[in-house]
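Two complexes come next, and they have one chain in common, subunit A, joined by subunit B in the first and subunit C in the second.
Coming up: the complex of A and B.
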């Protein structure tokens, strides 16, 4: 009996260990988990509670979640708030203005750079291309406002007075149509260096053997790109899509420095959320509800991308 | 003998790193916090007469002329007075040199005070300050550029800032304090006050003015400048016709309420009509609507530079390609720096019908003292020294930078009426002296945000002026009720 009991204990212990694994492993991830709990999970949780409150920054508040609790009122208000729907529309246009262009440009640049055979030259190109990325966003946007200055700015001057190809140039950032290409180009210029680096990392990881095999099979440059490189950077592309598909969070810093269109009519949802949170009545609760709504939509979009473009390990 | 596996070594190393980080975090000195509990005067000191003045300043002050870092921590044993940094202000005026000069004063060796500009500081309206105060962890003493009409009310409501007059009264720089109280324009004093108490000490002040290029206007028959808005429109059309589109007639800035239409309103309405009883800009006032209509006349006439729907015309003005503008005076001064003060004229806003003298909008960039600041009196000693109307380093620096002083005597002392590079400030002084301060309310920015889209829509011809203000007004009221 005693031997049987001993076996059972050992067996139980083994089961526990099998289930939970080596305790030491948890130590590895403990710092990260702790960090995530403090700086990731808690703000989400707190944000969710604030979204259910009439939380105002200028009013005295306690840490209690039931302080000024107003249930789903913020979300109901959101449905009738025309600025919300305008903000979603603007965020979508902002996304369209830069994302496809940035994706194509960064991928194209990475592929070209991958074919540069001289190492030092490739390094020079990499540095030059990523320079824009290291410029702080507000500074970059301010610089672009100078380029777009509608009367005597660089772009206008170049098109009108140097090339003589456009006599009546538009007011780039004040024009209802030209605002989007203008901010799109500025955003693409700012971001494409970073994404180019991502794609380049993926390309560098493709084994040379695959290129050699493709060449032996008679593949030309385009075919190498189509059948070797594109599949080879599939995971990077997934990462690129996942980190950018959440378009509803965009536009805050860009539009603060670049302006949000004539009369601020292109204020995105994120910028609107910031404004209701920190201006006037400082309705952080409503702002949090807007942010939560945007976050959920973004989460849905990320899920769709994952489902449709599932990679080997995703 | 068991050996540590690679994984275990890494795990131990990570744990050690976390432990070390925690220990380091605990032992890293947070400047002043410990001392705060001992030294901070919790109550605002009772106003009292100070009879002893530190016998220093003017004779022994040597202006520090070379760059001295003022963002490094004070050495041990010094009282580190950390002031939240304001980038644009320092870009325009030599605050860092002023601090370096103050830190080098002989009396600093006695009181062991060192002023430090802290780039990580928070602005007065930041709710984080309230939390830091609650946690007894306030490390900053104040902030150097709050625009009272936008930021004072929220900061007072949050109790982030405290009244400063008692500290001015008890400053070691007695005569400087007296000059500050005696020489500050009443308009600026009102602007920096809330609930009857002074909260802000103006560092620099901006006034909205009418400015023009003398050469362009002289060339079209207006050597003395336009006197009313009909003349402004006429001059703008003539300039545009004469220079063939290379120079624009008039530049409004409709996209920023306080820099343009809130000031233009004062050309058409008397001070008692400018604001509603609750302190909002009175956008339904007939004078305000008239200001909107005047603006549209210029746009319809095609004499306005492109881009007026957003940021306006600063570059065009600075390039000397605009004949007339209505904006903050420093914009005019910066233009004069580039294309010559001889060609610059800064005057009061031309009047509308029935108005004898136009008022104008103005604002200061003010220093505000944080509630529970570690060294409130030491901080205000520095601010009193700095703001002293007799402080040549600072006051002359303001005028040189195109800004103006909030103190009457500084103009008499440091402006040479014959010097064209600075005499424009004398006219701006008179405007500032008689100006009406915008009431301090947390809603000014809301009025701006709600009104702006409708104003632009009106200027684009999509709606009437009356309709625009009514819709904006409804939205403002709805926002205030939320």
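Coming up: the complex of A and C.
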């Protein structure tokens, strides 16, 4: 990597080149950096400021931070807002309904798939299982709402008339309890293929001789998993946990397309933040404050998980 | 001795069969919603609203397709009808432009971050990575304001630009790929007097092709299915992309008559799913290879 750029070509401007390096590099990164500065970094910081404003889309007077700066007022209002607490609770339920199942299923599938010795068969399984990942989230949710249709959907039919185990099935998506398993299964279906692929790629990267050594030592299937594969994909597991522990910002698109429970009572915090911002009174400032709050809690969770898991390694 | 080996062989055979049984079950869980969707799209009103839905329709009908693609005379005019084609065109335009733009600028930047030495290089790169881990906060709200100010709200161009801005993960991947290419190849070209731009495009890009395919697929899948930004930015029905616009077709379909909301939902959803699935199936070999490279952590 270290390539003393320009050393051979420039004689006089040696010190100048040494300090700035290859100026062409700036041209190479310019398009990406500019795009990112304008459409990513700037809105990010502007968003932090909006959270401190009483910004209302319908009232142009409030757009400028000089007119509508109201300090931490949005955050104080949040404390007394019942929808916020309901939103946190819903986000947590949503997380519980999809995450543990997805994690277990994707890891299990990856380990199983890694044991398939026939190459073409392995890639057939791989494609079939990963297919759901490429489906747009709204499409996945529409697909599942059709399966969950309480009278004519396949799930009801399957449980009632094929398996004969459940005569009076609930109205899945509009049932207070069954809403959660329903959205959880749909989200798990959408997500597990991707995580499976992640774990599988991790397993593919484990050196073959580790397996051979384990086999020579007479390790059985479980021991191979416990002592070769699990340590081998440690970093991937860490990545998986860290990227998924932030549960508070989730559920917006899922619930917009799947329904947010009967009468929208399961609106998560993120969805509430979006609705506050872009519907009704369109209070962008309050919405941004809610989003910032969710983001900070997520950051805290990520930090805790990252620190604990990394220190475990040592 | 012979008995022992026979037992061992059977044990192995049984565990192999068990393995395939489990995987087949998981694969059918993954596949079932697709099959259900396909089967629903070929069903007419009577067969959709039945208490005993069949997986293979008894009376194949193309009525849902007719409605979704062309509109039915007398019914379709007011509703979605050929609206799907407009959404399709928008989605293709936005997604393909974004994929091309992203692959181009991310490859350039990835090459520079991996191979060219210039002041502040590592600092800029870590800024990209750090901002990926910052909590999202009010970015969406500020993007709304920005696009309104630039008069790019409610326009496809604005959407493309916004999608291209989130280049953190693709950049990381491309840099990883370029770092993995041996330096000797490049040095040889350098000695022959090739410029950085020529090295990047004529030598490095072909070697980094698998990484670019990964970026392209990730971007295609991401943008093709993106819902929230589109819903926030686009108000006009004719400028919507599929994920957001399809809701308008679904809810605008007639509830009674020859076509049904149910069948039209299934068919339009199917149309939304197919391109992403095709892209993935066609490129999955490349994808696995490239991703395995990029994931060596």
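As a convention for this text, the second predicted complex is superposed on the first by the 263 of 314 C-alpha atoms of A that agree within 3 Å, B and C clash if a C-alpha of one lies under 4 Å from a C-alpha of the other, contacts with A are read in each partner's own complex, and residues count from 1 in each chain.
We take it that a contact is a pair of C-beta atoms (placed from the backbone, for glycine too) under 8 Å apart; a residue touches a chain by one contact, two chains touch by 3 or more.
None of the values given here were measured: they were computed from a predicted structure.
Peer 1: For A:264 in the superposed arrangement: first (subunit B), second (subunit C), both or neither?
Peer 2: first
Peer 1: Once the shared chain is lined up, is A:135 touching subunit B (first), subunit C (second), both, or neither of them?
Peer 2: In the superposition, A:135 touches subunit C alone.
Peer 1: With both complexes superposed on chain A, which partner does A:40 reach: first (subunit B), second (subunit C), both or neither?
Peer 2: It touches subunit C, and subunit B stays clear.
Peer 1: Tell me the contact category for A:150 with respect to subunit B and subunit C: first, second, both or neither.
Peer 2: In the superposition, A:150 contacts subunit B only.
Peer 1: In the overlaid three-chain picture, which partner chain does A:174 touch, first (subunit B) or second (subunit C), both, or neither?
Peer 2: The answer is first: A:174 touches subunit B but not subunit C.
Peer 1: Looking at subunit A, does subunit B or subunit C touch a larger number of its residues?
Peer 2: The partner with more contacted residues on subunit A is C.
Peer 1: In the superposed arrangement, does A:65 touch subunit B (first), subunit C (second), both or neither?
Peer 2: Neither partner.
Peer 1: Going by the contact definition given at the top, which residues of subunit A touch subunit B in one complex and subunit C in the other?
Peer 2: Overlap of subunit B and subunit C footprints on subunit A: residues 24, 28, 31, 57, 146, 149, 151-153.
Peer 1: Tell me, which parts of subunit B touch subunit A in their complex?
Peer 2: So the residues of subunit B in touch with subunit A come to 7-8, 10-11, 14-15, 17-18, 127, 154, 157-158, 248, 255, 305-311, 313, 315-316, 319, 321, 442-443, 445-446, 449, 452-457, 460, 479-480, 482.
Peer 1: Could you list, by residue number, the parts of subunit A that touch subunit B in their complex?
Peer 2: Per the stated touch rule, the residues are 24, 27-28, 30-31, 57-58, 145-146, 149-153, 170-171, 173-174, 259, 261-265, 275, 279-283, 286.
Peer 1: List the residues on subunit C that touch subunit A in their complex, please.
Peer 2: Per the touch definition, subunit C meets subunit A at residues 15, 19-20, 22-23, 26-27, 29-31, 33-34, 36-37, 40, 48-53, 104-106, 108-109, 111-119, 121, 124, 128, 131, 133-146, 161-162, 164-167, 171, 179, 183, 187, 196-197, 200, 221, 224-228, 231-232, 242-244, 246-247, 250, 262, 265-266, 269, 272-273, 276-277, 279-281, 284-285, 288, 291-292, 295-297.
Peer 1: Quick check on the complex: what are the subunit A residues that touch subunit C?
Peer 2: Residues 1-3, 5, 19-26, 28-29, 31-33, 35-36, 38-48, 50-51, 55, 57, 63, 105, 109, 112-113, 115-116, 121, 123, 125-140, 142-144, 146-147, 149, 151-154, 157, 161, 189, 192-193, 197-198, 201-202, 204-205, 221, 235-236, 239, 246, 249, 252-253, 256-257, 274, 277-278, 284, 287-289, 291-292, 294-296, 298-299, 302.
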